[in-house]
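Submitted below is the structure of interest, expressed as C-alpha cells.
Chain lettering (A, B, C, D, E, F, G, H, I, J, K and L) follows the sequence in which the chains are written, and residue indices restart at 1 in each chain.
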Amino acid sequence: MKKVLILNGPNLNMLGIREKNVYGVETLQDIAQKVSEEANIIGIDFDFMQSNHEGEIIDKIHGARGVYDVLIINPGAYTHYSYAIRDAIKAVEIPAIEIHLSNIHSREEFRSKSVIAPVCVGQICGFGSKSYILGLHAAKLL
Amino acid sequence: MKKVLILNGPNLNMLGIREKNVYGVETLQDIAQKVSEEANIIGIDFDFMQSNHEGEIIDKIHGARGVYDVLIINPGAYTHYSYAIRDAIKAVEIPAIEIHLSNIHSREEFRSKSVIAPVCVGQICGFGSKSYILGLHAAKLL
Amino acid sequence: MKKVLILNGPNLNMLGIREKNVYGVETLQDIAQKVSEEANIIGIDFDFMQSNHEGEIIDKIHGARGVYDVLIINPGAYTHYSYAIRDAIKAVEIPAIEIHLSNIHSREEFRSKSVIAPVCVGQICGFGSKSYILGLHAAKLL
Amino acid sequence: MKKVLILNGPNLNMLGIREKNVYGVETLQDIAQKVSEEANIIGIDFDFMQSNHEGEIIDKIHGARGVYDVLIINPGAYTHYSYAIRDAIKAVEIPAIEIHLSNIHSREEFRSKSVIAPVCVGQICGFGSKSYILGLHAAKLL
Amino acid sequence: MKKVLILNGPNLNMLGIREKNVYGVETLQDIAQKVSEEANIIGIDFDFMQSNHEGEIIDKIHGARGVYDVLIINPGAYTHYSYAIRDAIKAVEIPAIEIHLSNIHSREEFRSKSVIAPVCVGQICGFGSKSYILGLHAAKLL
Amino acid sequence: MKKVLILNGPNLNMLGIREKNVYGVETLQDIAQKVSEEANIIGIDFDFMQSNHEGEIIDKIHGARGVYDVLIINPGAYTHYSYAIRDAIKAVEIPAIEIHLSNIHSREEFRSKSVIAPVCVGQICGFGSKSYILGLHAAKLL
Amino acid sequence: MKKVLILNGPNLNMLGIREKNVYGVETLQDIAQKVSEEANIIGIDFDFMQSNHEGEIIDKIHGARGVYDVLIINPGAYTHYSYAIRDAIKAVEIPAIEIHLSNIHSREEFRSKSVIAPVCVGQICGFGSKSYILGLHAAKLL
Amino acid sequence: MKKVLILNGPNLNMLGIREKNVYGVETLQDIAQKVSEEANIIGIDFDFMQSNHEGEIIDKIHGARGVYDVLIINPGAYTHYSYAIRDAIKAVEIPAIEIHLSNIHSREEFRSKSVIAPVCVGQICGFGSKSYILGLHAAKLL
Amino acid sequence: MKKVLILNGPNLNMLGIREKNVYGVETLQDIAQKVSEEANIIGIDFDFMQSNHEGEIIDKIHGARGVYDVLIINPGAYTHYSYAIRDAIKAVEIPAIEIHLSNIHSREEFRSKSVIAPVCVGQICGFGSKSYILGLHAAKLL
Amino acid sequence: MKKVLILNGPNLNMLGIREKNVYGVETLQDIAQKVSEEANIIGIDFDFMQSNHEGEIIDKIHGARGVYDVLIINPGAYTHYSYAIRDAIKAVEIPAIEIHLSNIHSREEFRSKSVIAPVCVGQICGFGSKSYILGLHAAKLL
Amino acid sequence: MKKVLILNGPNLNMLGIREKNVYGVETLQDIAQKVSEEANIIGIDFDFMQSNHEGEIIDKIHGARGVYDVLIINPGAYTHYSYAIRDAIKAVEIPAIEIHLSNIHSREEFRSKSVIAPVCVGQICGFGSKSYILGLHAAKLL
Amino acid sequence: MKKVLILNGPNLNMLGIREKNVYGVETLQDIAQKVSEEANIIGIDFDFMQSNHEGEIIDKIHGARGVYDVLIINPGAYTHYSYAIRDAIKAVEIPAIEIHLSNIHSREEFRSKSVIAPVCVGQICGFGSKSYILGLHAAKLL
C-alpha cells in the first residue's frame, strides 16, 4: 500500500478559525478526518502533520526519505519565498504534489508565485478542502 | 447527472505525435477514452471538444450556458495571453477548472503565467493525462 | 450621408447576460436599437456587427475599405493584445474610434493598456451604452 | 438645467499659439465659444475656467461641490502625476469626465498613463476641440 | 515650551465631508481642537495650517526656520511625488514627522511610497485623527 | 525536389495597398510571382498561402506534417504574441524559417520581440520582398 | 485594563550591542523598563517577548488570541519577507501596530518595503526606543 | 542686445542657508550679483526670478514669449516630475537651457532623470554657481 | 561589380575550435573559402576580416566609406552592447547586413537583443555558415 | 591560534545524498574531515555546525561573539532572502566569509543574488568542497 | 597657465561627414581650430585627441596624471556602457568635464544614461561645437 | 607543474596609486611579487599580464589555449559588460577563476553583477591582494 506524507505549513492549524470567508469553516482536523475516510476507500496509508516552523518542515521532508512514496504539501505562506523547502523537496527525490485550499491565482499578486511548484510533479489549488482529496487521488495515480 | 464540457485548445490535436518526451505517447482520443471510462464509474455525463481557433473556443464557452454544469478547459498556449477566453468564462458563470498535461510552473518562464486561472475555481497541472481524470473528480466534488 | 461600421469584439454578444453589475442589463441588440434611433436623428448610415473571432474582425476591417467613412470599434479583450487588429486598422486608413462600455482605466491593471488606441483618432470609454452614442457623435464630427 | 464646470489645466491658455501641428489653430476662447453654442442647443448651463496652478484647480474642484452637477476636466500635463487632483475629484463626489484634445495613447509613453481617469466616469480623447463637444454630450447623457 | 508647526496638505480641508468610510466624520477643525486640548496637557505650543498649493506649503516650511522646533506634516497626496516639499524639509533642518490618517500601506499601491519620509525623523500612519495626537507626543519626545 | 510551404499571417493580403512607405508597392501576388520565378531557377516546389486567422494558420501548420520539407512563415503581428503558433511549429517538427519584410528591430519596441523565432531554424528580416527570396535560398541550403 | 503583547523579532536581543550609531546604546531590557514605567502611568498591562525564530513568533501571535487586546510588533528583518507572520496577524484578528526603532524609509531600499504593514492598523517608525512609547500610546488610543 | 530670463525653481531661495556641503555658501543674491557682472562684460540683458510655485513658474514662462530671446532655468526638484513646466517651455518656443548647481548624475537615483531636458537646447550641471555663468555664455553663443 | 566588406567580430577566429555543438566544425577560413566560391558564382567582389578589438572594427567600418557598397557584419558578442559600432555603421551610411551563425533568439536571454540591428537594413541568423552565403545573396539583391 | 566557526545552512546535511551531479558525493562529514586536516597544517582551531533552522543559525552567530575570530558561512538557500541572518552577521561584528559549493552565478537566476554577501568580507564559490579549504585559507590571511 | 586634455571618443573623427542633420557640418578639425582660438583668448593650454579604441582612451587618461589640470571628455557612445573609462577617470583624480555635441536627453532612450557623469565634476550637452567652448570656459572657472 | 595565466584588466596598472582607501597601497608589481613567492612555495608556474584593451585581453585568452592549465582573471570594470571576454573564456575551454580585490557585492549596484562569472569555475572577491593568493590556491586545487 502506498505511503503518503501530508505536510501542512504555517497558519494551517488556524483553519476554521481564521478568515472563514476565504478558507471555509472546516478545521484541519476535519480535513484530516475526510482525508482518512477517502484514503480508506482508495487504499492509501498516510500521515498528517502541521508545523509553523520552516526548519521543522525541512526536517520532516528529510525524514520522509525511504519512508514515504509521495509527499503532499500545502506550504502556506512559505510557498512564496522558501527556497529552503524547495531544496529539501528536491533533495529527498520523493515525488511531491503542491496543494492549496484557495485559488492562489485569483488573490493578491504575490500569492500567484510559487517558488516550490517547479520541483513538484504538479499543483492543485482552489477546491477548498477537496484539494486534499484530489491530491490523494493524484498520489494514487502517480 | 452532472454535465461537463471538456474543452481542448490549440495543438492538443497533435498529442501523441508531437514532443512525446514532454507530453507522452497518448493521443487526445486515448485520453477521451480514459475520461469516458472514469466518467462512467463516477457518474458524469460529458462532451469532449478540441479547437485551434480562439474565437471558436469562445463560441463554445458561450454555448455551454444553461447546458453544462462544469467546464474543464485545457487552453493550451492561449493560457498565457487570451484575455478574451478569460472574459468568456467569466461571462457564462459556469464553474471552470483549468487543467494542463505538463507542470506549467517548471518549464519556460512564460508558461507559468496563466491569464485564465484567476476566473476559474482552480487549476490542476502536471499529472499528464491523469490531469483530466483529476479534473473530472474535481468537477464531481464541486 | 456618412457610412459608419460599428464592430464589436469578443463576448459582447453576452451583454445583458453576463456581469450585469459591471456592464448593465442592456443587450447588444438593445444598444444597436438605441444607436439606430440616434443615427436616424443625426443622419448617419451604419452597420453593426459582432464577432468573437480575431481573424474575422480583421477580415471585416479589410472589407471596410472604400465602403465606410468611419470605423467605430469596441475590441473587447482584444484591446489588450491584438497587434493584428491594430495593424488591420492602420492598413485600411479609415479613421477609427475606439470605444468601451466600462472605464478601462479604473479596473484591473491589464485593462488600462490598449494596443489599438495608438492607431485610432481617439478613445471614448466609461459611459456604458452611451459610449456608442458618443462614438456616433464623434464619427459625425470628424 | 444641468450645471457643468469645465476645468482646463496648465498650458491650455497657450492653445492656438503653441505647437499648432499637434493642437490645431483654435484658441481656448474659440473652444469656449463653440462649447457655448452647443450648450445652448442641447440645454446645458456651464462655466469655463483655466489655471496653471495645481492648488487653484483643487480649490475650484472643492468649490464645485453643491454647485455643479458634472465636472469636465482637461488636466493637461497634471494628468500624469497629480494624485492631489485625483483625490480632490474623489472627495467632492461630483461625476467627472476626463477629456483631452490629442490622443494621449499615440504620443510619448508617459502621456498614455492617467492617474486621474480611475476616479472619473469616463475618458474622451483625440478629437481636438470636438472632445469638448463630446464631453458636453456625455455630461448631458449621464 | 516647544513650538510645533502642523502642516496639512491638499484635500485635508474636505475632511469629515469626503469619503467618511476611509477618513471618519471629524473635520480638520475638530482635529485642530483635539490637538489643542492635548497640547495644553503635555505643554506644546503649536500652529495649525492647511493648503492645497504645493508652493505655499514650501513657503511655509521655509518660514518655519528659526520659529518652530518641530514640523508635523500630513502631505496628503503630495506624499507620493513632491520632491520639492522633500527638499524644503531637508533645507530648513527642522526635525519633521510625517503623519497620515489612514494606513497608507494597506490602500492603493501608489500610496505606500512616500518620497518625503526619507528626510523625516519618522512616520506615523493609520490611527485616524489620533495620528495627530501621536505626532504631538513624538514631537514632545524628540 | 524540396517542398516548401510559405505561410503569410494577418494583414499581408493588404500588401501594396497599406502603408506603402513601410512595405513598398508590391502586392502579395507580386511577391508570389517573384518567388515562383526564383523557385523555378533554384528548383523548389512550393505552396503559398495567407490567412488572417490564428487558428487557420495553426491548422495549416499541422497539415504540413509529412507533406512539406520546410516551412517559411511571415507571421505578421502574430509574431509578437502567438504562443499557439509557436507550439504548432514545434509540434510538427518541420524546420521553419521566420521572415519579415521590414527590419523588425528598427521599428516600435514591441516589434523587436518574436515569440516564434526561438522554435525556428533562423530569422531573416528587413529586405522587403527579397526576404522571401532569401528565405527560399535558406530553405534550399538547409 | 487593556492587555498588550509586545513582540520583538530577530536580532533585537542584540540591541545596545550592535550598530550603536543606528540603534543607540539602549538594550532591549532598558526599553522594556521604559515601557513598563510608561505603561504604569497610562494604565496598560503588557507582556514583552523576543525571539529569533520565525515559527516561534507565529506561535506567540496565535497564542495571543483571546488573551491580548492589542499586538505591538517590531518584526526586525522579517518585516521584509515574512508572509507567514503577516498571515498569522491576519488570522488572530487582534489589532496590530508595527513599530521600528529606525526610519525604515531612509535606509537601504529593501527596508522601505514591509509585507506586514498591510495587515496592521498602522505603522510607527524612526523614533528610536520612543517608537515603543508611541506604540503604547497608540494601543491606548485604539 | 540679447534678453535672457533666468528662472529659479523651488527651494533655491534657501541657497547659502541649506545643506552648504552640497550647494556652497553663496546665496541666490550672490549668484544674481555674479551673473550681473558677467552679463555686463559679455553684453547680455537679463531678469532673474525665483518661485516655489509650479503654476507661477509656468505663468512666467508663458509671459516670456516675445519678450526674451533665451530662457535659462534651474527647475530645482520640479526637474524630476513637472511635465507641466516641460509643456510650458515647449509651448513658448523660446530656446531654453537647463542648469543645475550640483551634478545631478552623481546623487540619488531619482535626481539623474530630467523630464524637462528633452525640450531644452542643452543641459549644464555640476559647476556650482558657475553653472549660471556657463549658462549665460551658452545663451550668448546660441 | 559590387564590393562587399565582411566583418567578423570577437572570438570568431576560434570557430571550428570552440563549442562545436553550437557553432559547427567549420573554421572561419572554411567559411571565407565557401563565401569566395559563392561570390565568384554570383559576381561579388569581397574582403573578409576578423578582429577581437572593438576600436579596430570601428576603424574598418570608417575606412569602408567610399570603398565598399555593402557591409556584412557578424558582430559576435559586441552585438549586445557596442553602441559605438552601431554609431560607426550609421555614420558611414553604407547599407549593412547583420548576420549570426546561431539563432540568437533561441539562446540565453541577453543574446536576443541586438543594439546594432536597428541601424542595419536587415538581420539574418541561425543558418550556420550559410548565414554568410545568405548575407552575400542579400547584398547582391540590395 | 585563530578560532573559526564554520556554519552550514539548510539541506547541507543532505550532502552526498542529494543531487550528486551538482554537489558531488562527499558528505558534510567528509568535508569536516578534510577541513580538519587542512586546519591542522595551517594552524586553525575550528568548530563545524549545521542547522536547517533559520533562528538557530542566528542564535549561533550571536553566540560566536567574543568566542570566534572569523565566521565562515555557507547559508544554503537562506543566501537569497534571509535578511535576518544578514543582520545577525552585521550585529556581531566578526569578519565573515560567505562560501558556496557550487558556482551560484551559473545556475538558476535567483541563486546569483545573495542578500548576505554585502555584510561579508568576501565570497568564495564554485570549487566544491575545496571552497571550504579556500575559506579556511582566507580566514588565515585576514 | 592651466593645461587641459580634450579627449574625443569613437566616431567623432567622422564629424562633419556623418549625420549632418544631427551633428552639423563642422569637422573635428574645425572644432579643434575654434577651441584653439578661444583657448588663446582666455589663456588655456590644451591638447586635443581622438580615438575609437576604449583601451587607448583609458591609456591616455592614465597618462594625463601629473600632466594636465583638467580633462574634457566627449566619450561618444562609450558614455553609455564604459565602466572602464569611468574607473580610469576616478583613478587619476584629475577633475573631468563630460561634454556632448547633441542633447543626449532628447534622443533615443539609451543615450540619456551616462555611466561616466557620476565621476565627473559636471556635464555640458546640446550646444553643438559650442559645448567644447563652454567646456573650455568651465575648465577655466574650476 | 601546473601553468597558470593571471590576467589583469583595465585600470589595474593604477593600483597603489588610485583610490587607496578602496584598493590599498600595493602596486600591481607588489602583488605579482607576492604571487611569485607563494607560487614558488606551492609549486605553480605562472605568467602575469595587464591590459586596458578589451580586444587584447581576448587575444591573450585565445593564446592561452594549449599553453596554460588554468586562467585567473581580474577583469576590472569589464566584469560588468564584456560578453566578448565571456565568450572568449568559454571558447578556449581552460578552467577560469574570476577574482576581485574588493567585495564587488558591497559597492555600487552595477558592480555586483558579473557577466563573466557564469563561464568560470568560481569567483573569489573581497580579500585585497590576498584574493590573488587564494586564486592561486584554487588553481592548485582544481
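Assume contacts are C-beta pairs under 8 Å (C-beta built on N, C-alpha and C of every residue); 3 or more make two chains touch, one makes a residue touch a chain.
In this text the structure is predicted, and so the values were computed from the model without any measurement.
Undergrad: Touching both chain A and chain H: give me those chains, sorted by label.
TA: none
Undergrad: Is the contact between copies chain C and chain D built from the same residues on both sides or from different ones, judged by whether over half of the numbers are shared?
TA: Copies use mostly the same positions to touch.
Undergrad: Compare the contact pairs of B-C with each of C-D, E-G or D-E and report the one sharing over half of them by residue number.
TA: D-E
Undergrad: With chain centres defined as C-alpha means, what is the inter-centre distance between chain E and chain H in Å?
TA: 31
Undergrad: Distance from the CA centroid of chain B to that of chain I, rounded to the nearest Å?
TA: Here chain B and chain I have centroids separated by 47 Å.
Undergrad: Residue numbers in chain H touching 2 or more other chains?
TA: Correct list: 53-56, 81.
Undergrad: Going by the touch definition at the top, which pairs of chains touch each other?
TA: Pairs flagged as touching, ordered by label: A-B, A-G, A-J, B-C, B-F, C-D, C-F, D-E, D-H, E-G, E-H, F-I, G-J, H-K, I-K, I-L, J-L, K-L.
Undergrad: Considering only the defined contacts, which chain F positions touch chain B in the complex?
TA: 53-56, 58-59, 62, 65, 81-84, 86-88, 90-93, 115
Undergrad: Which bits of chain J are touching chain A when the two form their complex?
TA: 9-11, 13-14, 17-19, 51-56, 76-78, 80-81, 110
Undergrad: In their complex, what parts of chain L are in touch with chain J?
TA: Going through chain L, the ones touching chain J are 103, 105-106, 112, 114, 117-127, 130-131, 133-134, 137-138, 141-142.
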